[in-house]
Amino acid sequence: NEPIKIGGIAPITGTFAGLGSDTIEGIRMALEEVDYEIAGREIELFTEDTGGNTSQLLSGLDALEIRDEVDIILGPVLGGEGMAMIDWASDTDIPIIVTYSAPEDVTMRRAQPNVARAGWTGAQVMFDFGAYVVEDLGYNSVVIIGQDYAFPYNQAGGFMKGFYLAGGERVERIWHPIGTDDYSSIFATMPLDVDAALVITGGDDAIRFVSQWFDFGMDEDLPLLASANTVEPTVLPEIGDIAIGIQSSMHFAEGIDRPEFIDWAERYQEMFGKVPSAASDHGYTAARMALMAIEEMEGNIEDREEFMNIVRATEIPDAPRGPFRLDEYGNPIQNVYIKEVREVDGRLTNVVLETYEDVSQFGPFKDYPELYMSLPEHSASFPPDTQEEFFELLPEDFLSEFGF
Amino acid sequence: MPDNEDYILQTINLSKSFGGIKAVNNVSFKVKPKENLGVIGPNGAGKTTMFNLITGYIPIDSGEIIFENNNIEKLPARKRSLTGISRTFQTSQLFLDLTIKENLFLAANKNQNTYNIFIPWNKDKEKIEKSIEIAKEIGLYDNFNVKAKELPHGKRRLLGIGQALISDSKLLMLDEPAAGLPAQERNTISKLIKKITKELTLIIIDHDMDIIFDLADRVLVMNQGEILAIGDPEEIQNNEEVQRIYVGGE
Amino acid sequence: MINKIKNNFNSFSFIAIVILALFAPYILTPFLLTVLIRVLYMTILTYSLSFLAGKGGMVSLGQTLFFGLSGYTLAILLISHGFSHWTAILAAMGAALVGALLIGLITIRTTGVYFIMISLALGQMAWAVALQWSSLTHGDDGIIGIRPPDLFGFSLTNRVNFYYLLLISFVLIFLFLRMISLSKFGLALKAVSNNPDKIQSLGYNTSLIRYISFVISGFIAGLSALFFVYYNGIISPVTVGINQAVWILVAAILGGINSLIGPLIGVTAVILMEVQLSRFTDRYMMIIGTVFILVILFMPEGIWGKIQELRR
Amino acid sequence: MLQVENLNSFYGQSQILYDINFELYKNETVIVLGRNGMGKTTLLRSIMNMNPPDNEGSINFKNLDISKFPSYDIAKSGIGLVPQGRRLFPSLSVYEHLTMTHRKGENNDWTPEKVFDLFPEIARRKNNKGTDLSGGEQQMLAIGRALVTNPSLLLLDEPLEGLAPVISEKVIDTVNLLKEEGITILWVEQKAVFIEKVADRVIIIEKGEIVYQANTQEFIENKEVKSEYLGV
Amino acid sequence: MFSPQVTLTILNGLTQAGLLFLIASGLTLAFGLMQVVNLAHGAFYLLGGFIGYSVFRATSIWWLAVIAGGLGIAIIGFFMERILLEKIRGNMLSETLLTIGISTVIADIVLFIWGGRPLSIQTPEFLNPRLNIFGVRYPGFRVFILFLSIAVGTILWFILFKTQLGAMIRAGVDDREMVAALGINIRKLFTLVFLLSAFLAGAAGVVGGTYLSLQIGTDVRYLVLALVVVIIGGMGSVGGAAIGALITGLILSFSGAYFPQLSFSLTFAPMVIILALKPGGLLGRKIT
């Protein structure tokens, strides 16, 4: 019996090395749980580094597929990588389970039969946050400050769709380049006639943004909401105590109060000596999806189409982050958590305030995927600035469902 | 006085200072075609600087330089070179990483057809021949395909002179061609220079009196940036001022 | 005489390599063919540096600027504006050319270490524009989904077809650069970097010679971008960032910057190192960096230089 | 004090000095004569182990072989240099030239103040840049700069170059003063004008070889040598 | 006088200039004496910041972190200068290329030790009061950086122009050989200056890591900004670095406020203009 070969691809060097190594660790954890053996076949893991560089990603994918002849690929991690991968995937039939990479088109407008996703889309985790902000916090107008590229557009888009459909009225947007050092000039020009500010950023930008927000006393003017990445556990300790009280939403939170999650997080901590991130979870979940499918096929995974069908039918009710199954496009339907940064046992933690169950990548449009996909893609200026303009694009019978 | 037409090179009130130092100060002199002019003077008298001014290697402060009845003081160095002035440098200036052949060829070519990238330079038979000829003349043909940096000091000097010779110049300016060479090589150089200067004009700086007095028709003595004396060799040799300033002794 | 044999030896080995390369798709495993494709287009990019640095003494960390100008022009015109392939290709090469014509005016004013610094800064400027001007360049994600055209009925999406087109172009560029280095211009360029004062005094226009070679090199960098973008279907800021600039420098120095064979060897070596080392360790950048340091300390002429030294 | 044995010096491929042998005794002043380009400066550079030239042979100073020392250690062991062409530092003021290198010697103690007493001309221009001075003043400063290192052996390379006669006189007087203080002096010169005023001995270099050594008296009387090697 | 927005933008420009000066002064100093463009300077900044980060985590003493970051890099600088650069001294091109190799290795070491996650050093409370300057709220730490850089500039100026050591360094820039012939250990002087330069880069990393953050990639960004500063001001001139930092800082700040999409690229504009007019930089020597 030949071993089954699994390929993992992620940025292990470069700016996003943190996300990449978390992902690979998650994969390792799942494989170690089964001792690198399943259905009587040994499992070998091959990893490739993308360096955060899309051309390196492509040569890595080539290496995994043609040189190492892997059976399944897990990855990639970054947004741009996902889009480049989908182009590549359309020329082959190798099964791919996407981990952290979150562009929605990977499992939407450009969905491929051989691609499924273990993670999320940017918009998916924001729809309900938009609704929450209106319904629970009572804000009707918001200013969004975000990094100027596709992923934040997508998150803002999800947020705004949920926000408008819950009755929110107006959103202003300020886009700034990735790697901005100084946000004070943005603060200086910021509209203050709104109810709250939402920042959509991540990585080192997040650290700088939030620190400077408080340094410049902006907290005296506006409450600050955040996208999930802004206050994810890896950056939280770097931001420090000022982050306490910031609310955000995601399909993952280190403070999820499920026994499965607590157990999983503890084991991860034991193995790698650090708190798991969403990227760790996605590596882990993707590997588990693969393992479950292999098991179901009793190790005979040579029929790739069949294999993908089984992967796409994955259901994991006891997944660490919450019950998990895939929609017909291959994207998870999962819990989304509204969370708040608090200090728990001397450590900053995203504590879950509210749970929205069974959220699809189409959010409030979950019964109207065609309508969703017929709208323009999320961009710097779509959805429009006001509820009124947005609603003009939607059919009345759809709106009436939301009471408009 | 002969007419201006009779001079190949003429400088009028040429001046150059570096900071406070007047390196060349109001220097005027004339050179006749095919004449051999020797230039001597103490260290720092301004000899090399004067060469640099004439060849356009450094810009002048004031004055005029007339070469074959044209004012050239505004031309850049490479254009002056194209009018037919070539020189050697006090510290030998070669293309050390290139071969003797290439060194000579570049000098022979003088920026002709440089931008035609389609023909290998090796195919320019005429100039290759010429390079070979000169290489034989200066005794470097045996080392034709050796890099210049592998040559000993004396041969490098010869190569520098070879480059000046090959470039079809009307006026040849040599800055201490014999410096740092043992007596025998000095002789070779001296002979070589003598042989070639029949057809062209020469200005030569050297501290070796034997060479100067052997080669020069006239001698120009510089001191502190100014012309101290100019005249035929005997005259200069007997000039007390020159004796005191330059040659030394009681 | 000796020289003649040596020259012929080089031509013979060149022809032998070309013949081998013609059969490569049938000899190599499919994966090694993809490696070979990368080697070829990265070598073209590396030539743009080695020509400038090896012949002209101008070590540039900014060749990615022209790579980016051409690659982004191509991608933007194709994807965002739906231009035809031929228009887009012409415009891309035009952009690289005009860029080199303008940037050259600044850079050739400097030499040596100053040239390195300024080229680095300008290259980073290109990277910054690619990253930050996201309405045009799609920011960090880059522009994706570029598909190569069909050529005389051959689909270039097919790797083997793509390979042959690339091979032909590579050989042409190789011969072009070889022709230049054998021409008077090549000789003059070598002389310019060896002793600029002297060549000036022989009547050559040093600035013009440096300028022209700068433009040629920018153009070649632009050319390599076409292959890169069509093959990968993507262009993004990292491909014009400092890592790429350093990468080609490492490859050129490792192989030997003074010849046309050296960069080919260097690029092959670095790509093989990446491909092989990264399977065993995540720390392969450290190893490549260390190799680079050792080469500079102990083998300044690179691998090819060493080989030739041994052959002599 | 100083013994030079079988010294050969090269600039790259070309040999400048051939088998130089001589000795310098404590507290004497020796003048090295030779025409332009005969290798006098090269000799001093070799003693200081400045690069180029490359040297072969041994140089003993105070019974220590210093030929392989880096030049700053040679200077520290007690050799001061007044270089040809002065080589002042454009970035430093006159005063800084003197304070920068001031260090105490074995028996003498030249301070910047003492230098200013000796050359009041430059004291007045204390805060000017060294290179703003006139040629003669620059020469004084270069001598002063070497003096404050309080050397026991002073190397002078054509110190009278560009000096007016009065100043030359003054430099000569200074050298005699230094001699009284116990400093040994090796002085390189082209002309033989003032020799009897300072020198104990004379060495002549011709094309890189020592062709003549004698005490001053003998040299002055030897017309032949003078005309042969110095063109007098 | 100005609108609050402009006031704020100017203040930011000044603080950015402060940080840039801290980095660029070290770069220019080493170049002035040794003619080495240390392209590992950005990696020094990054590694210094990370060392400071760990020290701060362990001790919570900010000053100690700054000193540790500086010293850590100074030690690395020492070995780099003594073991590697020394081997190819005089070959400027090889020396420069070598520093590129070193920066690659350092960046990977950082990744290995600290992982790829972005890190940030907490601003010490006592250095960060909320101030009100000309009617705008302004964080005290930034004002502190400004004063720190002025202090460092003054100290450098004092060392260079008022001490014997400084005279030696300046003389060494003019004429190394002559300095050696006067009995000054030029080797030691080189090492010392390189250490000082490395110390400044490392300490600047800690300061920068406090009000900005640290991440793989920051090294290149600050290396390039420092190069721009130094090219504008003139290689080797500390005063030039101050002017260059001021120009670059203000441009970064104003373009960030008004043309965010081009903010980084615009910082290159003055460099291009100055190069075209004065290739040696504003206060630099003429390039020969």
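Letters A, B, C, D and E mark the chains in the order given here, with residues in each chain numbered from 1 onward.
Heads up, the rule we're going with is that contacts are C-beta pairs under 8 Å (C-beta built on N, C-alpha and C of every residue); 3 or more make two chains touch, one makes a residue touch a chain.
Just so we're clear, the structure is a prediction, and the values are computed from it rather than from any experiment.
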Lowest number of touching-chain links that must be crossed from chain A to chain B: 2
Would you kindly say which chain has the C-alpha centre located farthest from the C-alpha centre of chain D? A
Selected interface, A-E versus D-E, where C-beta contact pairs are more numerous: A-E
Relative to chain E, which chain has the most distant C-alpha mean position? B
With centres defined as the mean C-alpha position, give me the chain A-chain C separation in Å. 37
Separation of the C-alpha centres, chain C versus chain E, in whole Å, is 32
With centres defined as the mean C-alpha position, give me the chain B-chain C separation in Å. 43
Sequence positions of chain D contacting 2 or more other chains: none
Among chain A residues, those touching two or more other chains are 13-14, 21, 148, 175, 177, 179
Mind listing each pair of touching chains for me? A-C, A-E, B-C, B-D, C-E, D-E
Going by the contact rule set out above, which residues of chain A touch chain E in the complex? 11, 13-21, 148, 175-177, 179-182, 184-189, 203-204, 206-208, 211-212, 215-217, 234-235, 238-240
If we count contacts the way the header does, which residues on chain B are in touch with chain C in the complex? 55, 57, 77-79, 81-82, 86-87, 89, 93-98, 102, 105-107, 109-111, 113-122, 124, 145, 163, 167
Chain D touches which residues of chain B in the complex? 19-21, 42-44, 151-154, 176, 179-183, 207, 209, 247-250
Touching residues on chain C, where the partner in the complex is chain A: 29-31, 34-35, 38, 131-132, 134-135, 138-142, 144-145, 157, 228, 232-234, 236, 238-239, 243, 275, 278-279, 282, 284-285
Taking the complex as given, what residues does chain E use to touch chain A? 4-5, 8-9, 12, 16, 108, 111, 115-120, 122-123, 128, 130, 136-139, 141-142, 211-218, 221, 252-254, 256-258, 260-261, 263-264
